[in-house]
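Both complexes below contain chain A, partnered by chain B and then by chain C.
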Partner chain A sequence: MSAPMDRRRFLTGAALGGATIVGASALGALDAEAAYASTRSTLDPGVIESAFAEGRIGAIQGALLVVAGSWGETHKVQLTNATSVWKLRPTSAKEIEIGDGMYGRGVRMPDGTIAADAVWVNIVNLECTVAGIAADRLQLAHDKHAVLGRLIAGTTVASYNGGALTSDLSRLKIGQAVRVLGAWRPADDSVDVAQLTVAA
Partner chain B sequence: MACGSTFLWKGKCTWFCCGGGWGPCGATGTGACGTCQSSQFKGAWPNASQACFTITRPDLCGENMPRRGCGSVMNVKHQCTGATVCITIADCGPRTKSFCGATSCCNGQCRTNHVIDLTPAAFAQIGNLSSGHVPAWIYE
Partner chain C sequence: MAGLLLGVLLGWTGWLKLTAPAAESSALVELLHDTRLVRRALRTLGAVELAVAAGLLGGLAAAGWAAAALGVGFLGYLAWARAVAPDASCGCASARHTPVTARSFGRAGLVVLAGSWAAVGRPWWTVEPLAAAVTAAAGLALVLALSADLDHLWLLPLRRARLRLLGHPLSTSDGGNPVAASVQLLESSLAWESAAGVVRSALLESWDDAGWRFLRFAGVAAGRPVTVVFALAAESTVDTVTDPVVRVTVVDDERQEVVGDLLPLVR
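So, the complex of A and B:
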């Protein structure tokens, strides 16, 4: 049996071929961490082996995201059938909307486009303090700013004191430090909470 | 400056945004060192200065990592995959004392306590942002 196809070569081929990939099983493991681990070879900080994009999505042209970076740059991010998309949960490219924020990782193509291995839409990971608790929301203090955290039934989970993830949120207390992994809502600036890491 | 291979520390590695951006990140500054930006390979260290240490207090979780100030270079390696990224310290954090005992595991082996934060660009080199954290070994 041949070795699994290198993910970078696969993405490059996918993007050059017009992103018409059917299935991705030829990759073997589709876990991005494992794939990237196998391709990094340098400790030199001057060498960037994976392209990265950050910003707001200004246009969606088929499978191409045109992204306005927060520091003035523009990224063109090509999605393929091998691109993993996260927006509060693992999902499909159909959920991506103009105005969303994003981080993307992939391979830089000769024309400057990034063939994306993974795209995380509206994702945030905030160190907060719980300022208020309601049945469906948390008032959070992040730095010196207030953030509304929406608790999503069937999605929001918590880990207490390093324990396993649970949907039981009854142990949350005002004043607790929490790490909030979630998805920002551009429409109202709130955050849908995916996961809470709760302090001891 | 190139990254080294001398062991420095190990623990739970998380990610954070800095230097502006969209959503809640828009209100973030460029960090304690004034150089932090989410799209660059930067990190935050709990003992970046005495003032920083006073805030993060990793010692309260049993983590007495050495001081490494702004501009220090570290090589952060995912414990299980071996994926690495070379980063420059640009901020103070994480607030280790607030999360004593927090763990990050892979292949049945866990690292305990938040000991380093990476920008999204850096973290994405060694893991998936949606995981929120990875167990990491740190070299210099």
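So, the complex of A and C:
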């Protein structure tokens, strides 16, 4: 058996042997959606202060991303094997390309680099109106700009009225207001859609 | 016939510019740097368009040439706006925000053609009724097709009708509970709250085994790198469960052993 599968089996056993916690909480997300929310406040004062970086990746030096920030600044973002990488879905650092946009959260090191806990690549979050529906794509209007949203089978999910995320996209309607969370494709300026949030 | 159509079109756009100039979003702001000046410029242009429209409806050949000249001016303005302010509104036909696209150019080109036609053609009221009706319908269709600001009047209803007739192209579900739904449930759980001080990464990977779904995160506990694994029923979502049942364990990455008593809410 391969090492990752071995590790998975070990973690499967460990998790099932772990403590069971029952109950709900309103703490909320650490995930891609939260990347756009305000800085997450932690409940624990002992927890390390987070640093944030955002911009376009100009160079990749091994596991170091050199990022040109939107305000003219330069970020150096160090990836480790504990860094989560999101590019439409959880993936590995190998998927990151020069020219991609990124948003990252991590811890600032004494030399100024950010040791990344989580990196979201090409993430966009757009308030849109559904202008057209086809089998593999949505025509979206964002502030009157046309945006092509690509629907990815097995990945694109939707939430209606605050309900659970589902792969059921049949309830989308033309004219509906939707929040689109997805990965922008620099090559053709379309958006691979990860999540659609429909208010009504 | 062109005189009537163009007269109505210019009368309409001129009236909109005169009464409700969309100064804030117009590309002219880049040139004039003052929304007051832009509003005055748009109002002046609106008045000119109304005058030309009146001339066209009155059958003046000079008004046809004036309209064609306006069209050439629009083309130049659009080319310039596209170059300096691609995100600005063209402000051509209404207060709606409509970026400059190929359709805007098509409409300005149409003004040039129709203006020239009105200048050299017969007065519109001498055209036979049938030919007039056909030309009017074709002209109207062309203007609608070239006007992004009018899509809500015909394109969206047309697409809605097609969905009603041909059915919705998107399936109800492609089977299985998506991982995103499990993450959503986890994030509303007490287990997530109790692990908040430990988890640092977003979702690293997930896998299913024997009805359970496992979600792996990286974190830091007592200054040491750890792996946090949550396990929950693979099919549960926030729609089916109000008090999520989550098993959670923390594994020290270097020692490869389970760390106990780290989570404050675990008793």
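Keep this in mind: the second predicted complex is superposed on the first by the 151 of 200 C-alpha atoms of A that agree within 3 Å, B and C clash if a C-alpha of one lies under 4 Å from a C-alpha of the other, contacts with A are read in each partner's own complex, and residues count from 1 in each chain.
In this text, a residue touches a chain if its C-beta (ideal position, glycine included) is under 8 Å from a C-beta of that chain, and two chains touch if they have at least 3 such contacts.
Since the model is a prediction, treat every value here as computed from it, not as a measurement.
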Practice task
Kindly classify A:82 by the partners it touches after superposition: chain B alone (first), chain C alone (second), both, or neither?
Solution key: second
Exercise for the section: Pick one for A:103: touches chain B only (first), chain C only (second), both, or neither. Expected result: first
Exercise for the section: Could you tell me if A:118 is touching chain B, chain C, both of them or neither one (first, second, both, neither)? Expected result: both
Practice task
Scan A:175 for contacts with chain B and chain C and give back first, second, both or neither.
Solution key: second
Practice task
Go through the superposed model and pick first if A:195 touches only chain B, second if only chain C, both, or neither.
Solution key: both
Exercise for the section: Check the residue A:132 against both partner chains and state whether it touches chain B (first), chain C (second), both, or neither. Expected result: second
Handout entry: Partner chain in contact with A:145 - chain B first, chain C second, else both or neither
Key = both
Exercise for the section: Once the structures are superposed on A, label A:69 by its partner contacts, choosing first (chain B), second (chain C), both or neither. Expected result: first
Exercise for the section: Look at A:166 in the shared chain and tell me whether it touches chain B only, chain C only, both, or neither; answer first, second, both or neither. Expected result: second
Problem - Doubly contacted residues of chain A, that is, touched by chain B and again by chain C - result: 32, 43-44, 46, 48, 84, 86, 90, 118, 120, 143-145, 159, 194-195
Problem - Of all residues in chain A, those that touch chain B in their complex - result: 32-34, 36-37, 40, 43-46, 48-50, 52, 54-56, 69-71, 84, 86, 90, 101, 103, 105, 118, 120, 122-127, 142-145, 147, 159, 161-162, 177, 179, 181, 184, 186, 189, 191, 194-195, 197, 199-200
Fill in the blank from the handout: Residue set of chain C touching chain A in the complex reads 87, 89, 96-99, 148, 151, 155-156, 159-160, 163, 168-176, 178, 180-181, 183-185, 187-194, 196-197, 199-207, 209, 212, 214, 216-218, 220, 225, 227, 229-231, 237-240, 242-251, 253, 256, 258, 263, 265-266
Practice task
Flag every residue of chain A that touches chain C in the complex, lowest number first.
Solution key: 8, 10-12, 14-32, 42-44, 46-48, 82-84, 86, 90, 117-118, 120, 131-135, 143-145, 151, 153-154, 157, 159, 163-170, 172-175, 194-195
Exercise for the section: Mind listing the chain B positions that touch chain A in their complex? Expected result: 1-5, 14-17, 19-25, 27-28, 37-39, 41, 73, 75, 78, 80-84, 86-88, 93-95, 98-103, 112, 120-121, 124-130, 132-134
